[in-house]
Each structure stands twice: as structure tokens, then as C-alpha cells.
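Listed after this line are the structures, all set down as C-alpha cells.
After this come two complexes, each holding subunit A, first together with subunit B and then together with subunit C.
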Partner chain A sequence: MSFLADMDSLVAYLLPLAPHLILIITALIVPAIGFKSGKAAAFFSLGAGLFAIAVTAYMMYTGYKGDFEGLYMFNDFTALMIMLFLVVFCLVVLMSISDSERTKHHGEYFAILAIATVGMMLVCAAEEMISLFVGLELANIMSFALVAFKKNDPRSAEAAVKYLITSGLSTALFLYGMSLMYGFTGTIVINDIIYSLATQEITWAYAVAVTTLIAGSAFKISLIPFHAWVPDVYEGAPTPITTFLAVGAKKMGFIVFFKLFLLMFVVVHFLSAAAGEVAEIHQLQWVFALLAAGTMTVGNIVAISQNNIKRMLAYSSIAQGGYILIVLSVGTDYSMAGGLLHMITHVFMKGGAFVVVAALAARGLGESIDDYKGLAKRAPLVAFAMMLFMFSLAGIPPLAGFYSKFVLFSSAVEGGTWIWLVAVAVVNSAISLYYYARVVKAMYVDKGSTTERFRVPVSFKIALAVCAIAVIVIGIYPGPVMELCEMASFEYINGFLEWLKSSPYV
Partner chain B sequence: MEFIQFTWLIPLIPLLAFVIVGLFGGKFKNGLGSVAILSAIAAFVLSAIVSYEYFTGDLFAAGLAYIPEPIEWIAFGTYTLNFGIYVDSLTCVMMLFSSFISMLIFVYSIGYMGGEGKRKRRYYAEIALFLAGMLGLIVSSNYLEMFIFWEIMGVCSYLLIGFWSFKHPDGDEASVKAASAAKKAFLVTRLGDVCFMTGLFVLLWAFGSLDFTAMFDDPVGSLVNGNGTTIMIGTLLLFGGVIGKSAQFPLQDWLPDAMAGPTTVSALIHAATMVKAGVYLVARSYPLFVQNAEMMLIVAVIGGVTAFIAASMALNNMNLKRVLAYSTISQLGYMIMALGAGGYMIATEMAHGAADIDGAVGYTAGVFHMMNHAFFKALLFMCAGSVIHAVGTEDMRRMGGLGKKMKITSWTMLIGCLSIAGFPFFSGFWSKDMIMEAVMEPAVAGAASVFLFLFVLALITAFMTAFYMFRLWFMTFAGKPKDEKLHCHGESPVSMTLPLVILSVFAALSGFLMFFWLNDIITFNVIGGAFVVGGHGHEGMDILHEILYNQWTYVSLALSLFGILLAYLMYAKKAIDPARLNAGGNTRIYRALTARYYFPQLYDEIALRLGYDVAKGVDYADRNLIDGTVNGISNAMMGSSGMLRKLHSGHVQDYVAYMAVGVLAVFFVFYILIMTGGF
Partner chain C sequence: MIPIELFLLMSAVLFSIGLVGLLVRSNSIVILMCIEIMLNAANLNFIAFASHVGAPLAQIFVITSITVAAAEVGVGIAILLHAYKSKKTTDINDLTSMRW
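Let's look at the complex of A and B:
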């Protein structure tokens, strides 16, 4: 009896980390399977990923909220983000099943991938700076290995080294910021840090700490001017891993931003509202606005002149990061909901585009946009899906990308301060159409050198179908997903405000 | 049973046809064209029933729109975005003529696209989606919904204009042209779409909603934020969308190039859908546009200038379809100008505090002309298609004498030409003279001398229109064949000529509708400070009286007749040699016209310089300049420590230094902001 009771309490104790544990166990088992067969390892990882999604969804559905030792928590926001990372994980696994770029070490590959995903999931759940940092580093270090996985391609190794060095610098910066922060707040609990960030007088040290924290995370999101590594690494890494970095790891940086700075603006506005004052725009909001405007503009403009499709997508994902950063300058729960929605749709449209690239690369097609000429004849369905993704990224209704952009931009309209930023963003999405349309033109309009049909592996077909359906369904009926995002952001911010009200600070 | 409840089915039927044809069309020999045609017929029949119910119902009598409870599509923050239906008399007129003409064009396609084989599936699927986009736009109850359908049409037009990009019947060069034309149409109209979308955000901010009901019922009082200036900016941006979509100056250039698509697509774009969407947007947004007289002045001037320059470019063009394309732009300019003039009158009267304004001639004239133009332009394009189908070229210099071989086509086309030239009692005559009157009204009232200028432009345009249309007709059908090698297959099949005959009846007679039916429908009034669409029109006899007793009617008529006569003398009688007038095509103005006033060159320059070159420049800077600067700093910082350098041959040390500079930049921006207390 007591054993069962112990089991019950153990389960209750570990429940906040259930999705993480599933993947950790997977990572422990997968190498063994990998010895036998790479395919089996892949399917096992896929199954585990899907199971973890189901568990998370169920926990979210039942309204479960929990906390592990004050280190990690589980609520609607973390659940949504964990599911996002798990979807990315499953997508990457699907893409890796028939990946010809990887020749051996199948088991390790999937294990490392699982651990990297765990790292990202820990970042979502972290409640204090050290556990956050552990998550970040876990994801980072695993990514180095993954980027270098194309053993026969020197570009892959080169990319890994570049990634390692630049990432090392960003980690150092982040750690520096963290320790400074600890120096003048005396705490590592994020909620307390946010409060003191929001209320403290701004000093040199404060500015340095904030700047380094921003720079450390900006590296992940590849904001201008922290983007230089992106094109090289995205081009050199195996395509599934590029996908992983572009649609997964990138989001980690946003989560850090949400956790620290978005809540900080919320506190600032809450306190001034409580004091009966009109909320002023915090200086950092301007910094983020400038970063956002710069990032989207440079990303889009440089993307125009790219001829390699992976580099083009790399710059385009830099630009997409700029759009999401609008959330930080607006700093409301609605904008956060818009940002979350765009993060989700971005997974499917950008992920989908990379799936197409990987699927065609698996059949020997090059990575130059010219190689895509006449694709509509050679692989009609793949070309159609690519067209959907391109148009969705460009924000053409009624696809998912249009909708999430619309919500994101319109949340910035409220209040009136950031209308200029919206204008910049809209002009930018118009510019972006040029290079997205270029791909569509190559596929549908230009004549290819051959009309030989492509046979795309089944696993890619499934991944493509999932992404294409998501892009269409979210575009036509965004209601449910939008509600999830609203619920997550509302709960996140309100939960924090409630903590604040019950805390000794107020 | 109330059919009006099922208005939402009108766009949905063609949409379903798109799905069915798209999915299963490949399995059938004719690409399931019949499904597309049936869907257009069904959409038209339903539109007719809905319109009948609306016009005989209480709502119309009370001057209200039919607005069922919209479906809440999504709510976020304080905004709710709906998907709803908005039926008023403008909606009814629009959907009636759009679906009717599309129906005829679809039928016509059976003959015209008969030889396309397997690609018929794509064709029929796309035109069905195109129609769904247009009908959806017409019945939308808010701007966002409208924008979505607007964009669907944009993508469809891209695909349809580029339809022959794989294998153009005229060879490879034409294929490339088709591809680049498609891209141009897409990108240029997209420029307008950006304005439209920015306008949406401005209006959303100003009103807190994008629903027509919320915005139109009380366009100033309900403002959440902002003021008259905000509305002005918002409407100006919306009008930017119109300029793109309806090919107004200075974005008119894509429409002639869009001729690279199949002729049926041109007919669809020019007559029933796409370009009409822009004019519709202005008419629909009248309650917002008339808030500001300057805004309406801008609209009118853009319209007038467009009408003039497009007509002048048609004067010496040798391509059958391109002449028609220029004439479309010119006629669209007329419509926009009329709407602007009418709105200007309302705006100034409202500024003087008038609570009741009885109708705006400009509004009636603009919408009326849009309808008439739909009939005669569809007719003209389908006639041109019939000719091209028969002789296989679009070059008018090689045609001539086709009238004897293609009796039905030549006679129906003559009706179309008479109508567009404003020959008395054909439909174009009535609406064009109403436009003249509308433009004259503010000019006579001394409201703005600008309108006098516009009126002169409109008069000259009327002359040019008559001239180039008859030049086209005489060059094609009159005289003797000019090119012996050109083989004419003779008259086109019944599926093509039948729509021509039906349309020619409308092109000839639709103008008379104004005197006993449309006069009470296409109106825009201000009653007790509220805007009312439909009802309270002038008596038919009054309109007739006004047109027939206005001396300017006879001036424009005389100019039109002179244009026709001149064309006859130059191209049929050969009494005047055109070469003598333009020094064999060497005068400066002739060359400027052929080069379309150098607009395409200008665009290319701008696009290349500003677009691609800037992109390359930024890329270069991104790779070299910044890196170089950073290099210098990093060298200074790291001194001779070559450890990082030796690690790898790439630029990784630059990247790291790059980041270091980034950190400094962020820090200084932040610090400056702190010192100055924000912007």
C-alpha cells in the first residue's frame, strides 16, 4: 500500500515535467535501437514525440497547473510552447527518416535531437535564472553536434564551428548579464528579478546587465546585428537541423524575452496604472522597436538577392523574427497572443518550406532557386505545397501567415504609438513578396531543363501534408488556435499580476 | 422562403466549383468545365432572386441594407473580426452584372479554350475561384473580409495571366512575356494592396472595428481614436489600393501587359471582376470618402488624368487587345472621376452643414458607367477573342476585310464600339453624359476650377475614345485583307457567338434601364445626416431632360462623331494618310505614346535601382563593409592575437566582432534613450 502511495506522490511530484521526462527516457533508449536500425530509431522517436504531445495536450485540457521544486512550472503558456517544440521535434524526425545526408550514428542523432528539444522545453518551464540557463545551454550544446552531423560535407563542420564560437560569445554575454542582475537584485527567481528590473532606477550597471541579456537572447532570435551566423549555419547544416534551428531554437530566444522583458513592461504599466498615472512607454520598448524595424528591413532586403534557397529562407526567418519582436515593443497580452500565434504558424509555413527543400534534396535536387525551375511539372503536389508556404510567409490571405500577421500588426495599432512600426512591417511584408514570388515563379512559370518526375519519400509527404493542412486550416478557421494563444498569454500575464498583487512588493 | 438568407451561397457556389474542378477535373476530358459554368449560372440565378427579394422588400423601401448577424470569425483583444453579408442596392447591381457576364464568359470559354487539352482543368478551376473572389468581395460586410477576397483575386489573376507561360500558342517569346506580365500584374497590384492593408490598420485603430455597419452609420461620431485627418489618411491608403487594382495613374501599366493571358481572362478581368473591384471599393466606402472634400478632389483628378493618358496611348497602338486594355483604363478613369466629382459635391455641402443632400449625380454616373462598361467591354473583348481565334494574331496591321468572313462578330463588335464611343442611345452614351454632367456640376458651382480642367480632359478623352475604337474596327473588319498569308477560319462556333449576341443586346440597350429602374437604385443620399444607398433617385424623365437639354451633351457628341469620322477617313476611306500626320511614326509624341510615356522604363529603373540594387548593396554592405569596419575594430581590439583567426578560414572572427559591436550599439541606444527620456 505504502508503495502505491509513494508511487502516487512520485507521479504527482514529477507530473510538471512529464513531457520532458518522456523525451529524456526516449533519448536513453533510442541509441540502443539505433544500433539495429536507423529507421526504427526514427519511428520510436516519432512515437515518443507524439505521445508527449498527447500527454501535454491532455494535461492542458484538464487545466493542470503544477510546479516542480520552484524550478519549473507547468501552465497553459508552457504547455502551448512545449507542444510547439514537440511539433517541431516530430517534424524534424519525419524529415530525418529518409535523410540521405546522414550516413551513420542514427541512434545518437535522434537522442541528441530529443535532448536538445528537452532543453528548449526546460526554457519554457523555467522559473528561475539558473534553470533557464541550463535549458538554454542544453539546447545549444546539442545543436552544435547536430549542425556538424553531415560528416562528408566540410560546409557542415565549418557551420558547426562558426555556430559554436558565436554561440559561445552569446552565452558568455547572457551569463554576464545574469550575474550582474543577481548582483543588484540578490535573487535568481525570475518573478523577483522582473519586479526589481521594473522598479529599479536605471544605472550604468543596470543598462549593461539588460543590454547583455538582450544581446545573449538576440543571438538565438538572430536579430540584426546578431544575425551574421545565420545564413552560413543554416546553409551548412543538414536541412532537418536547419529546420530545427529556424523554427524551434529561434523561439527559445523569444520565450526568454517574454519571460523577462514583456512581463517587466507589464509591471511598469501595472504600477503606473495603480498609481493613477498614464503609463509611459519604457525606454526598452523603444530599443525593441528599433531592433524589430531593423531586423525585418535588413532581413527582407538581403533576402531579395539570395540565390540559394536555404540562405533565402534563412534571411526570411530573420525577418519573421523581426515581426514577432513587435510584441516586445507593444507589450500587451493581446500582442503576446498575436506573437504566439505567429510563432505557431511560422512553425508550419517555414517548417513546410524546409521540408520541401529537404525532400527535394533527398532526391538530388540542388539548393539553388534555379534548380526549382519547372518544378510544377516534375512534382505538382510538392510545388503546390511550396506555393502555399511561400504565399503564407508573404502573408497572402486566406492562409495562416496572413492571419497571424494581421493579429500581430493590429495589436500594435492599439494605442497609436506603434503605428509607424506597423507601417514598416506592412511595407516589409510587401517587399518579402518579391522573393517568395520568385520561388513560385521558378516553379510554375519558368521552364525546367527536364520534366522527369520526382518521387518524394513517404515520410516527407506526411510532413508536407501536415504543414500544408495546418497552413490552410489555421488560415480559414483560426478561432481555436487563436483562443489557445489568447488563453496562454492571458493566463501567463494575469498569473504573474496575481502573484505580484499577493507579493510583499505591492 | 426567404432566399436572401442564402446570400452567402453566392460566392460559395463558385468556390465549391473550384474545389470540385481542381480535385476531379483531371479525370474528365473537358476538365469539368460544365461544373464551372453551372456554378456561374447558379450564382447568377441566386443573385437575381436575392436582388428581387431585396428590391421588393421592406428594407429597400426604408433605405436600409440587409445585414444578417455575422459569424464571429475571430475575436482578439478589443477587436472582433466578423464574416458577414451586406446586401444593399449597390451589392445587388454589382453581383447581378458580375455573375451574368462571368456566366457568358464561361460559356464562351467552351469554344475559345477548346484546344487546351489537359490544362482545361487548371483554367476552369482558376476562373471559378476568380469569380468566387469577386462575388465574395461584393457581398462582404467588412473591410478585412473584402481584403481577403481582394487578395484571392490577385493571386488568381497572377495564375491566369501567366496561364500561357508554359507554352504560349504564339511561341516561346510570348511565353516569357506571359510570365513576366503575370509577375508584373501581381507585384504592381500588390503595391496597391500594401496601401490597402495599411489603410485597414489605420481605420481599425480609428474606429475600433472594420464592419461597414459600425463605420458607415456614424462615420465620425463613433471614432474611438483619431479624427478627420485619420479618416483622410485611412481613405487615402484605401484609395492607394484602388489605384493598384483598378490600374489608375500612376500604376496603370500592368493592365496592358496583362493581355498576355487568354482573351477570356482579359474579358473577365476587365468587365466583370478584378479592376471593377477598385471602383466598387470607392463606391462602397463613399460614407468615409465624402468626409473630406480634398480627398474626393484627389480621387477625381487621378481619375481624370488616367482617363486622358490611357486614351492617348491607345491612339497609335497596333495590338487589338492592347487598344482594348487602354480603353479599359481610360473608362475606369471616367468612373473614378465621376465618383470623385459626386463625392466632392456631397463633401462640400456637408461641410456647409447640410443635413439632407439629395443624391450625387457623380455616384450614380460612376456606378452606372461601371455597369454599362461591363457589358460593352465584355462584348468587345469576346469579339476580339473571336477574331484572334479565327486568324491567330493580335496585330491589327495584318488584319482587314474580316467583316465579310465574320458577320456576327463584326456586327456585334460595331455595337460595342458605338456604345463605348458614346453614340446616341447606346448605353455608353447615357452614362458618359451623366459623367460629364457630374464633373460639370462642381465646376459650374465654382467649387473648384480644377473640375473645369477635368471636364476639358474628359471631352478630349471622349473624342479620342471614339477615334481609337473606330480605328480598331475599321482596321480589323473594313477594307481588304492586308496580309494574304493570314488565314481566317471564318465565324466562330455558336458557344462563342451566342454570348456575343446576348451581350450586344445589353451593350446597346442597358442605358435605358436608368429611366425606369436604376434611377431609384444607384443613388447615394444624405437624409437627416445619415447616409442612404438606394432610393430617392431622380425621375427618369428628369434625367432624360437633363441630358438632352444640356448643351455640353451636344459638344461631346459632336467630338465623338468627329472622332468616328476621322477614323473612317484615315483607315477606311484612306483619304488621310496616318503616316503624314505623324511623320511616319517619327514624331516625338508618337514615340512617347508607343513607349507608353516611358512609364514601363521608369518602373524598371525604379524597381532595379531601388529594389534589386539596394538589395545587392545592402547584401554587399552586410558581407563586406560592415564586416570590414568590424574587422578594423576587431583587429584593434584583439591586436595580433591570431588564435581566433587561425581557427578557421571563414569570417567567424568577424561575426563575433560583429556581435560585440551590436552589443555596444544596443547599449548606446538604450543609454541615449535613458538620458533623453525616450523619443
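Let's look at the complex of A and C:
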């Protein structure tokens, strides 16, 4: 009896980390399966990913909230983000099943992928700085091992060295910023740090700490001027890993920004409202607005001149990062819901575009846009899916990208301060249509050298179907997903305000 | 008792040495060492603050970050070796097959 009772309390104790534990156990088993067969290892990881999604969905459905030793928590916000990373994991595994870019070490590949996903999931669940740092580094170190996995291509090794150096620098900056932050707050609990960040007077030490923290995490979401590594790494890495970095690792960087800075603006607004003053705009909000405007402009303008499709998608993902950064300058819960929704739709549209690139690479097509000429004749369904993803990225209704951009931009119009930012973003969307339409033109209008039909492998078909259906369904009927995002951002911001009201500070 | 300002100054100097080395040197092994120096500057900060306020929590952070740095160097050296095998160089100025 007591054994059963012990088991029950152990399960209750570990429940907040259930999705993480499933993936960690997978990572321990998969290398053994990989010795036998690469395909079996892939299917095992896919099964584990789907099982983890089911567990997380059930926990979300029952409204479970939990806390693990004050290090990690599980609530609506972390559940949604864990779900997002698990979907990315399953998508990447699906793309890797018939991937021709990887020749051996299949078991290790899936194990490292699972551990990297665990790192990202730990970042969104972290409640204090040590667990945040460990999660970040887990994802980082694993991702530069993954980038180097295309053994027969020297570009992959070059990309891995570049990624290693930039991410090492970003880690060092981030850790230095954190150490100074510890110096004047005397705590490593994130909520306490946010409060003292918001109420601190701006001194030189504060400026150094905040600058190094922003610079350290800006590498991960490739803000201007920390974006130079992105196109090289995205081009050199195996395409599934490019997907992983573009739609997964980038979201992790945004979560770090949400955790550290978004709540800080919420505190500033809350305190000025409590004192009966007009809500003032924090100086850092201006910094983020300028960074957002610069990031989307540079990303979109440089993307125009790209001929390699992976490089073009890399610059477009820099630009999409600029759009999501609008959330940090606006800092309301509606804009955060828009940001989360854009993150989710970005997974499907950008992920889908990379699935197309990988599927065609598996059939021997090159990465240049010229190689896509006449694709509509050769593989009509793949070309149609690619068109959907391109138009969704450009923000054309009724696709998912339109709705999420609409929510994001309309949240910035409220209040009136950030109308110029919205104007910049809308002009940028128009610019971006040019290079997305160029791909569509190459596929549908231009004549290719051959009209020979070909089929893509089944696993890519499934991944494409999932992404295309998600892009269409979220575009036409965004209600349920939007509701989840609103719930998550409400939980996130109001949960913090509840904590603030009950804390000794106010 | 050594005043805390000296520790902070020391760590700022270390951090700057690492940063300048990373920007100036072109040997990728040296760059990896510069990153380590910068991480150690941050660790020194943590230890100085922890002993100043007498709280042990930051020392846990330092032990964690040393472990993380060891893992990073392990994977990092493996990648540099891999790059050396395919390019026959450790000079990052030769890694220029992808531009714009």
C-alpha cells in the first residue's frame, strides 16, 4: 500500500515535467534503436513526440497547473509553448525520415533532436535564472551539433563553426548580463528580477547589464545588428535542422524576451496606473520599437536579392522576427496573444516552406530559385502547397499569416503611440510580397527545362498536408487557436500581476 | 577584505580581453578560448556578489555554468575538428564559401 502511495506522490511530484520526461526517456532509448535501423529510430521518436503532444493536450484540457520545486512551472502559457515545440519536433522528425542529406548516425541524430527540444521546453517553463540558462544552453549546444550533421557537405561544417562562435558569444554576453543583474537584485528568481528591473533607476551598471542581456538574447532571434549568422547557418545546415532553428530555436529566444522584458513593461504600466498617473512609456520600449523596425526592413530588403531559396527564407524569417518584436514595444496582453498566434502560424507556414525545400532536395532538385521553374507541371500538389505557404508568409487573406499579422498590427494601433511602427510593418509586408511572388512565378509561369513528373516521399507528403491544412484552417476559422493564445497571454500577464499584488513590493 | 569594486573591475577587464580577442583573432581555437574567458568573467562576478552578500545561491549558478561551458567546449572542439577535416584549416578567414 505504501509503495502505491509513494508511486502516486512521485507521479504528482513529476507531473509538471511530464512532457519533458517523455522526450528525455526517448533520447535515452533512441540511439540503441538507431543501431538497428534509422527508420525505426525515426518512427519511435515520432511516436514519442505524438504521445507527448497527447499528454500535454490532456493536461491543458483538464486545466492542470503545477510547479516543480520552484524551478519549473506548468500553466496555460507554458502548455501552449510546450505544445508548439513538440509540434516542431514532430515536424522535423517527419522531415528527417526520408532525408537524403544525412548518411549515418541516425539514432544519435534523433536523440540530440529530442534533447534540444527538451531544452526549449525548459526555457518556457523556467521560473528562475539557473533553469532558464540550462535550458537555453541545452538547446544551443545540441543545435550546433545538429547543424554539423551533413557530413559530406563542407558548407555544413562552415555553418556549424559560425553558429558555434556566435552562439558562444551570445551565451557569454547573456551570462555576464545575468551576473550583473544578480549583483543589484540579489536574487535569481525571474519575477523578483523583473520587478527590480522595472523600478531601478538607470545607472551605468544597469545600462551595461540590460544591454548585454538584450544583445545576448538578440542573437537567438537574429535582431539587427545580430543577424549576420542566420543566412549562412540556415543555408549550410541540413534542411530539417534549418526548420528546427527557424521555427523552434527562434521562438525560444522570443520566450526569453517575453520572460525578461515584456513583464517589466507590464510592471511599469501597473505601477503608474496604481499611482494614478498616465501610463508612461519605458525607454526600452522605444529601443525595441526601433529594433523591430530595423529588423523587418533589413530582412525584407536583403531577401529580395537572394537566389538560394534557403537564404531567402532565412532573411524572411529575420523579417518575421521583426514583426513579432512589435509585441515587446506595445506590451499589452492582446498584442502578446497576437505574437503567440503569429509564432504558431509561423511554425506551419515557414515550416511548410522548408518541408517543400527538403522534399524537392530528396528528389534531387537544387536549392536555387531557378531550379523551381516549371514545378507546377512536375509536381502540382507540392507547387500548390508552396504557393499557399508563400502567400501566407506575405499575409494574403484568407490564409493564417494574414490573420495573425492582422491581430499583431491592430494591437499596435491601439493607444496610438506605435502607429508609425505599424506603417513600417505594412510597407514591409508589401515589399515581402515581391520576393514571395517571385517563387510562385518561377513555379507557375516560367518554363522549366523538363516537364517530367515526380513524386515526393510519403513522410514529406504527410508533413506538407499537416502544414497546408493548418495554414488554411487557422486562416478561415482562427477562433479556437486565438482563444488558446488569449488564454495563455492572459494567464501569463495576470498571473504575474496577481503575484505582484501579493508580494511585499506593493 | 578585498573591496567588491576590485573584483568587478577584474571581471570587466577579463570580459574585455575575451571580447577583443574574439573580434581580432582569426584562429578558431583561440576564439573558443576567448569565449571561455568571457564566461569566466561572468562567473567571477557571481562569486564576488555571492561572497559580498553572503548568499550561497549564486555559487550554484557558477558550478552549473562551469559544467555548461565544459559541454560547450566538448561539442565545440568536435565541430572545429570536423571543419578542419573538410577544410584543412582552423583559420576562420578561410571559411567564406557562403556570402550574402
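Everything below uses one rule, namely that the second predicted complex is superposed on the first by the 506 of 506 C-alpha atoms of A that agree within 3 Å, B and C clash if a C-alpha of one lies under 4 Å from a C-alpha of the other, contacts with A are read in each partner's own complex, and residues count from 1 in each chain.
Everything below uses one rule, namely that a residue touches a chain if its C-beta (ideal position, glycine included) is under 8 Å from a C-beta of that chain, and two chains touch if they have at least 3 such contacts.
Note that this is a predicted model, so its numbers are computed, not measured.
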Which superposed partner A:Glu158 touches (first subunit B, second subunit C, both, neither): both
Touched partner set for A:Leu381, first subunit B, second subunit C, both or neither: neither
Which superposed partner A:Tyr176 touches (first subunit B, second subunit C, both, neither): second
Touched partner set for A:Ala437, first subunit B, second subunit C, both or neither: first
Touching partner for A:Gly338 - first (subunit B), second (subunit C), both, neither: first
First, second, both or neither for A:Ser410, with subunit B first and subunit C second: first
A:Val422 touches, of subunit B and subunit C: first, second, both or neither? first
Per-residue touch tally on subunit A - higher for subunit B or for subunit C: B
Touched partner set for A:Asp232, first subunit B, second subunit C, both or neither: both
Touched partner set for A:Leu21, first subunit B, second subunit C, both or neither: neither
Touching both subunit B and subunit C, residues of subunit A: 158, 161-162, 165, 169, 173, 232, 302, 305-306
Contact set on subunit A toward subunit B in their complex: 158, 161-162, 165-166, 169-170, 173, 202, 207-208, 210-212, 214-215, 218-219, 224-226, 228-229, 232, 280-281, 283-284, 286-287, 290-291, 298, 301-306, 332, 334, 337-338, 377, 391, 396-398, 402-403, 406-407, 409-411, 413-414, 416, 419, 422-423, 426-427, 429-430, 433-434, 437, 441, 444-447, 478-479, 482, 486
Contacting residues of subunit A [partner subunit C, same complex]: 129-130, 133-134, 137, 140-141, 144-145, 148, 151, 154-155, 157-162, 164-165, 168-169, 171-173, 175-176, 178-180, 182-183, 186, 188, 231-232, 235-236, 302, 305-306
Residues of subunit C touching subunit A in the complex: 8, 11, 15, 18, 22, 28, 31-32, 35, 38-39, 41-43, 45-46, 49, 53, 55, 57-58, 60-61, 64-65, 68, 71-72, 75-76, 78-80, 82-83, 85-87, 92, 95, 97-98, 100
Touching residues on subunit B, where the partner in the complex is subunit A: 73-74, 76-79, 144, 147-148, 151-152, 154-155, 159, 162, 165-166, 175, 179, 182-183, 186-187, 190-191, 193-194, 197-198, 201-202, 204-205, 225-226, 611-612, 614-616, 618-619, 622, 626-627, 644, 647-648, 650-652, 654-656, 658-663, 665-667, 669-671, 673-674, 677-679
